[in-house]
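Structures follow.
Next, two complexes with chain A in common: one pairs it with chain B, the other with chain C.
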Partner chain A sequence: MTATMQPESEAAEAPRRGGHTPGAGQKTRPRGQGLQFGHWWWALPGIALVFAIHYVATGIGGFFAFTNWTGIGSFKITGWANFEAIFKDPTKVGALSNTLFLAFGSVLLGNIAGLVIALGLNRVLKTRYILRTLFFMPVVLSPLATAYIWKYIFDFDGPLNAFLTAVGGADQAKPWLADPQWAIWTVLVVLVWSSTGFAMVIFMAGLAGVPAEVEEAAAIDGANLWQRFRNVTLPAIRPAVAIATTLGIVQGLRVFDPIMALTGGGPAGATETLATQVYKQAFALGNFGGGAALALVLAAIILIFAVIQQRLTRSNPED
Partner chain B sequence: MTQHRRSAGLKVIGALAVPTIAALALTGCSSSAGSTSSSGGSKEFSLAFATSNTIESPFQVLAENYMKSHPDVKITFNPQPNDSYDQTLRTQLQAGNASDVVVTSPGSGTGRSILPLAGAGFLEPLDDAAKELLPEGSASTFGSDGKVYGQATEITVAALVANETAAEATGGFPADFSSLQQQCKALEPSGKSLFALAGAAPPNTGLMAMSLAASRVYAEDPKWNDKRAAKETTFAGSDGWKSALEAVKTLKDAGCFQKGAAGGGFDAITKGLASGTSVSGFIPAPSWKQLESAGGGSKFSVRSLPAERASNSYVFASANYAFSINAASKNKEAAKAFLDWAAEPEQTKAFAEIDGALPVTGLDKYDFEGSAYKNVGDLIKDGKYGPLPNIQWPNSAVYDALATGVQGIITGQKSPDQVLQAMDAAWGQ
Partner chain C sequence: MFRYTKLTLLREIGLWALALLFLAPFYFLVTTALKPDNELFTTSALAPPKSPDFSNFVDVLTATGNSNVVMGLVNSLIITAGSIVGLIALGSITGYVISRSTRRWSKGAYYLFLIAIILPGQLGAVPLYMGARSLGLTGSAWGLIVLYTGMLLPLSIFLYANFFRGLGTDYEEAATIDGASKSQIFSKVVFPMMAPATGTVTIFAGLIVWNDFFTSLIFLGGSDNQTLPVAMYYYIGSLVSQWNSIFAIVIVSMIPILALFLFAQKRFIQGFSGGLKG
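Coming up: the complex of A and B.
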């Protein structure tokens, strides 16, 4: 096994480095026989399944974006009509702006909160292991289940309004998830809460690689806390920032289940996103062609922002 | 050498395992979810229906009664949650593995509607027994070219379900729209409401708007949908529809809905009506029975929404559910035998009693006075009723535009004109 796991050059050098190798002096076994375990074609069934399930299915779905298929029966090819309809419909344009707002809002706030928590729990604090678990918990829990708990909290008869009433703010009590001004912010709170723990873990992994000696040296040189963070810590964890923000944007752009559970896209489309619109158009309203077109738009947006974000946060310009 | 032999053995096993597992997986994927062909006369079939609460479905109760009276028949039940039933049904029909008998809806306004499913060739034409059950004037919603693809199961009234005990405590249910507003204002300070509304559940806001349109649009012009289909009128150009949506704001301003109604779900209706903190709700009439069993001794009945003028009182009553047979079924004989049995007058009567609805046959002899339908009995006997409008609308997007639009009117996001224009736009999709 060892021989096949090592890179070719390293495997070739191993006997020279070791001096005495078990089996040395015996007749050398021909390369590629006996111990070699595995052939490239063994991966073919897996490749075929991935190709069939991911790429062929996606390609067929993409094809329906150019049709008027309702989900059953026959269809006609309608060219770019579904895409034109998307950008003419204020609901879809609103869904696009909500999608971008929730994605960038949750990435920005979730990463700032995650970084602050990661810095706070990086060293020194004795209860850091318990606190890390608590902050990471929302990532492990089902988004759908926690969304229903949040829905109860934000309900008109829920704990938040009961608290406001108890402290004399009864006039501020409102159906948070059905308020046109507040609903999108309420959804953002839930998304930030659920994404903070994930960002925290990535930043903690990044911070583990920052040598304490460098920070100490900076402190001895007279750098204050902000200067140490800005000039020592942040550059060192730049790869972690890139990963956390990229994954956060992709996750934020395609967010679906918390919104369906919290608001269903309401009130009157105020929290509708591209993902919820894809579902409604394709599966609830029988406009499969329109839903497929929206899904393609969403995929293109995710791809564009992921690439832009990667380029902005890469640590080495030559990467 | 041992290792060589083991390696070679593994290669053989690996080479065999991959296609074997793939074959097993593919076999599993292609197995039928519903239709199982039985040997020796096909006495076995499957039945798919939607469920929306924990109470046993009337479709299941009826089918169990059939099995009791026909011991040699076995029915496999495939219940689906109501909110995913339409999509599941369409996917299974498309894949050819839907149940033998499926519950559908007449018209073309929903995902389970008969006309688009029949048009795509997924439903089997039914025989004379189904034709005889067609409610008057609704043949066009059950099929085309003289063929019928659904067998009506009951007449469902879509109006108000009222907690009569709570209504009596508040001075009785209002008789007209003006006194309705006054009663709303009188109830509001006590923390009670005349209506419980699930503002965050579009089906409920849509039903409320259609109830308001009953006396304002369909009482005066029962054929309004036909005119809209012929492009002789539009929603935005209809004074009746405009008045109906303006009435939504009137009801809100008068305090007719419970506090926080815009964010309420269906639980707000059941809680409000069962506890008596709300007097009535816009829900399908058969719910009176379930509420009465959970309402702690309160009496429930079905009422029409008070009209601005008593002469314009109108109610929606139509066959909203039907049995259909999957065209790809391998057990059509057994399925047809069940539908023939369900079409017998005793069974239609029994089904209506199980569900708390009106029977699809013998309505002229029905004892309204002794039932929960006594307040709408005169309207039905006088013929002042028609089918639920969205059954006749061309797609579900029109109803969605109405339902989400009414939510927008309640929250102040949209005006009645905007909603009506969105409905016209959805009609043409």
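Coming up: the complex of A and C.
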């Protein structure tokens, strides 16, 4: 896209490229004088669009959280009634705990799997780039398509039960997605499957930054594999861990598409999450006020965990 | 000391075994899609088809109405490309200004965008729908391009702003001395330099818009002008346990993005790992 402009700018940059002239760069930037390059009003269209689509719409939605609006017609302001209703309704409390279980479960398992694969692929493997591509493949698929594939795998007539029967575990075969106890685990499997490749890529980039000499030195000093990982590798990839887990939790708390395609929240609400409940309340059941209140709770939870996560795993606090 | 030893070979074989297990769902996807109707319930779910049959794919590609897949493919392409252009244009210039400005408002604007990234979309969905409907943005590709641009703009601005923070102002200063105007500096000097950030934005936004289901389901609701995931959803909605037909459309919907990924996998993976380090 930018290729056509490249030669021209290359020529302009050439004399200064690669050198850090003393006094150049950020330090000479005059403080407090506003913009030296560009005009401030260049940012206006972007700010206006984000403000309208994110803040105004969310603000209006947030306002309706305190009303009994159905989505059309008139409404009354009901104060905290919608929020009280949430914590009295077992389905919604269940959705809250399912959401937390899925978010933390998928982040934990996806990151462990991603880390193990990244460590396995680190250094000297001949086919590491092919393997990396293969493990990353599920990440680019749409959650909807992924969910349909797994829906078949967990189907009663599907491959999982066929496999169990073939290896003599026929009594273990069950309708996985319709089993109240197992359904949530099937959702977890799907989430882990589609997020492992993402964590792996982040960890591989982090591991690539660990100099081989440092690891060698540790090995010569007699550190075993675990000690080397614990004391050399892990500190070096901390920023990568922070990013992979923060994004994973934010994504996990919002999980919607895979559940709608896999179980629709069932059986009997066993896989209901906050996001699916918001959708059902607001769009299907005509309880927009209640749905908005639930969405506000979800937003608060996401915000809290994002902040905690940032604090916990931040590598250098002065950043 | 990191030489290729017998242990490395063992590790390589182990990882290949893991990869094959990991990608087993693709095996079921392809074998089932190729099964003719009469084999679907008579053969084991684990077995490949006895007489592979492409009629499921023909059915998928000739479907009409709101499950018209070819139409969905074209719409998805237009909407994804349009959103990417919007996100690059607005994201780069906004990210540039807020990261170069030293005034206090630019920091405020930065946090405005950061918080917008994690706000859950459902809260604003109904007000947004009503707003879009009164502006005539529902049911058309243009409307969705505007919506997606607005929805993903915080992410785009965030990626660009982080990129600029790590970049000195040397080139801009040099261009100023050479007599370039502010807009010339941006379009001829700065924009080409941010190619890596542009690549990351393209990949992220492209993937999210291409795969998105919820937004296009709501905002294109009812019209025959559907995106690929919605066309897939409607197509599958009319099938019950017809897994061969379901998987045919799943494969058709996957091919464009998988082909692009395998073709440019290095850029994809760099985009993911590089764009998020900042």
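The rule we apply is simple: the second predicted complex is superposed on the first by the 279 of 319 C-alpha atoms of A that agree within 3 Å, B and C clash if a C-alpha of one lies under 4 Å from a C-alpha of the other, contacts with A are read in each partner's own complex, and residues count from 1 in each chain.
Assume contacts are C-beta pairs under 8 Å (C-beta built on N, C-alpha and C of every residue); 3 or more make two chains touch, one makes a residue touch a chain.
The structure presented is a predicted model; accordingly, all values stated were derived computationally and were not measured.
> I'd like to know which partner A:302 touches here: chain B for first, chain C for second, both or neither.
second
> Looking at the overlay, what does A:270 touch: chain B (first), chain C (second), both, or neither?
first
> Have a look and say if chain B or chain C is in touch with more residues of chain A.
The larger set of chain A residues in touch belongs to C.
> For A:136 in the superposed arrangement: first (chain B), second (chain C), both or neither?
second
> If you stack the two complexes on chain A, which partner ends up touching A:53: first (chain B), second (chain C), both, or neither?
second
> Please indicate which partner A:121 is in contact with in the superposed arrangement: first for chain B, second for chain C, both, or neither.
Second partner only, chain C.
> Contact-wise, after the overlay, does A:287 reach chain B, chain C, both or neither (first, second, both, neither)?
first
> For A:149 in the superposed arrangement: first (chain B), second (chain C), both or neither?
So A:149 only meets chain C here.
> Quick one: is A:176 in contact with chain B, with chain C, with both, or with neither? Answer first, second, both or neither.
It touches chain B, and chain C stays clear.
> Check the residue A:71 against both partner chains and state whether it touches chain B (first), chain C (second), both, or neither.
Both partners.
> Following superposition on chain A, which residues of chain A contact chain B and also contact chain C?
Residues common to the chain A contacts of chain C and of chain B are 34-35, 37, 42, 45, 49, 71, 155, 157, 283, listed in rising order.
> How about chain A: which of its residues touch chain B in the complex?
Contact set of chain A toward chain B: 34-35, 37, 42, 45, 49, 70-74, 155-157, 174-180, 263-264, 266-270, 280, 283-287.
> Show me the residue ranges of chain C that touch chain A in the complex, using the header's touch definition.
1-4, 8, 11-12, 14-16, 18-19, 22-26, 28-29, 32, 41, 44-46, 88, 90-91, 93-94, 96-98, 100-103, 106, 109, 112-113, 115-116, 118-120, 122-128, 131, 147, 149-151, 153-154, 157, 168-176, 178, 182, 185-193, 195, 198, 202, 207, 210-214, 218, 229, 232-233, 236, 241, 243, 246-247, 250, 253-254, 257-258, 261-262, 265, 268-269, 272-274, 276-277
> Could you pull out which chain B residues touch chain A in their complex?
3-4, 7, 10, 14, 18-19, 22, 86-87, 90, 93-94, 111, 116-117, 119-122, 199-200, 202, 259-264, 395-397, 400, 404-405, 407-408, 410-414, 429
> Provide the residue numbers of chain A that touch chain C in the complex, in ascending order.
Residues 1-2, 5-6, 8-9, 12-13, 15-16, 20-21, 24-26, 28-40, 42-43, 45-47, 49-58, 60-62, 64-65, 71, 117, 120-121, 123-127, 131-137, 139-145, 148-150, 152-153, 155, 157-159, 161-163, 166, 193, 196, 198, 201-202, 204-205, 212, 216, 219, 239-240, 243, 247, 250, 254, 256-257, 275, 278-279, 282-283, 288, 291-292, 295-296, 298-299, 302-303, 306.
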